[in-house]
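For reference, chains read A, B, C, D and E in written order, and residue numbers begin at 1 within each chain.
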């Protein structure tokens, strides 16, 4: 795991405010502080070139450019 | 992961009202906003053609047409 | 996943009253409504003939005939 | 899964009092009622001879003989 | 699992105070009491030489030397 960058990722509510829960994830995409990212957890976190066969259970695998939240409560 | 569509899925209570908890899932079935769907998480999320060997930990794998909720509390 | 029967399974407290939390699981044993069942989750849910290589993360793999609850609190 | 013994395992607090949360685990070590055990969950639960390739997501894989709890809060 | 050292790891808040939740993890790095560590859970916990093919679902895979917490709430 030499050279791995771990980031503390905060989970977000639907209104994009942070929750108190966090995840420590390896950064595979060059994310910066304050960016909204997607994290894959579990065995899926090992499906990147950098994390393959590593003891890693969370990886940042995308940076979110745009997020549409369409709340549909009358279903 | 070029072309992947991620949807924010809200968990449902037994009366189909949404919970506050959400999951970000790749859509493998062409789900629309407001539809009730089934999500597979963890390594099972990689068992579709589109998500195979991808760093994805949640996939929408079915749209729910009909849901019967038979609450049986006297057990 | 043609022909799969999904059941809504409610988690149980130690006194067998249902919790509010539920799991959507594929039925591999022919369970009926109101029966107490065992559910395997995650990759283990794919270890049945019917769910092998399917995007399924929960399976009913046993029906519980008899359950002994011996609470031992003085440990 | 013929012959499998399932036990209801209660999670413990640091002071060894039981929590309300429980796990249903296959016993691979011959644990008795009231013993403190270690449980492996998820795919790791299938890494014993008895549970290999079985739809099992929790296994008792050790009995705890001795447990030291050194609480270090001034870190 | 002869010779395995299991440690009780407490989860931390962002201000590094411990939460009440704990994880029992195999130590693969020689961690000491009071050190801040990284834990990999699930199948990822088996990606070390020592835990490979073992019924282990949590491993300490790094000791944290330095931790920067940059809270960015105005996003």
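Please note the rule applied: a residue touches a chain if its C-beta (ideal position, glycine included) is under 8 Å from a C-beta of that chain, and two chains touch if they have at least 3 such contacts.
Bear in mind that the values here come from a model prediction, so they are computed numbers and not experimental data.
J.: Once the contact rule is applied, which chains count as partners of both subunit C and subunit D?
T.: Per touch definition, common to subunit C and subunit D: zero chains.
J.: Same or different, please, for the subunit A to subunit B contact, judged on whether over half of the interface numbers appear on both copies.
T.: Under half shared, hence different.
J.: Rotation angle, subunit A onto subunit D: superpose the C-alpha atoms of these two copies and give the value as a multiple of 5 degrees.
T.: Copies differ by a rotation of 145 degrees.
J.: For subunit B and subunit C, let me know how many angstrom lie between their CA-based centres, rounded off.
T.: About 18 Å separates the centre of subunit B from that of subunit C.
J.: Could you please state the distance in Å, as a whole number, between where the Cα atoms of subunit C are centred and where those of subunit E are centred?
T.: So the centre of subunit C lies 30 Å away from the centre of subunit E.
J.: Quick one: which residues in subunit E touch 2 or more of the other chains?
T.: In subunit E, 42-43, 45-46 touch at least two other chains.
J.: Which label fits the chain touch graph of this model best, line, ring, star, complete or other?
T.: Shape = ring; chains linked end to end, path closes on itself.
J.: What does subunit B use to touch subunit C in their complex?
T.: Listed in rising order, the residues are 13-14, 28, 38, 40-45, 47-48, 51, 59, 61-62, 69-70, 72-73, 75.
J.: Any idea which subunit C residues touch subunit B in the complex?
T.: Contact set of subunit C toward subunit B: 1, 6, 8, 16-18, 20, 22, 24, 33-34, 36, 42-43, 45-46, 53-57.
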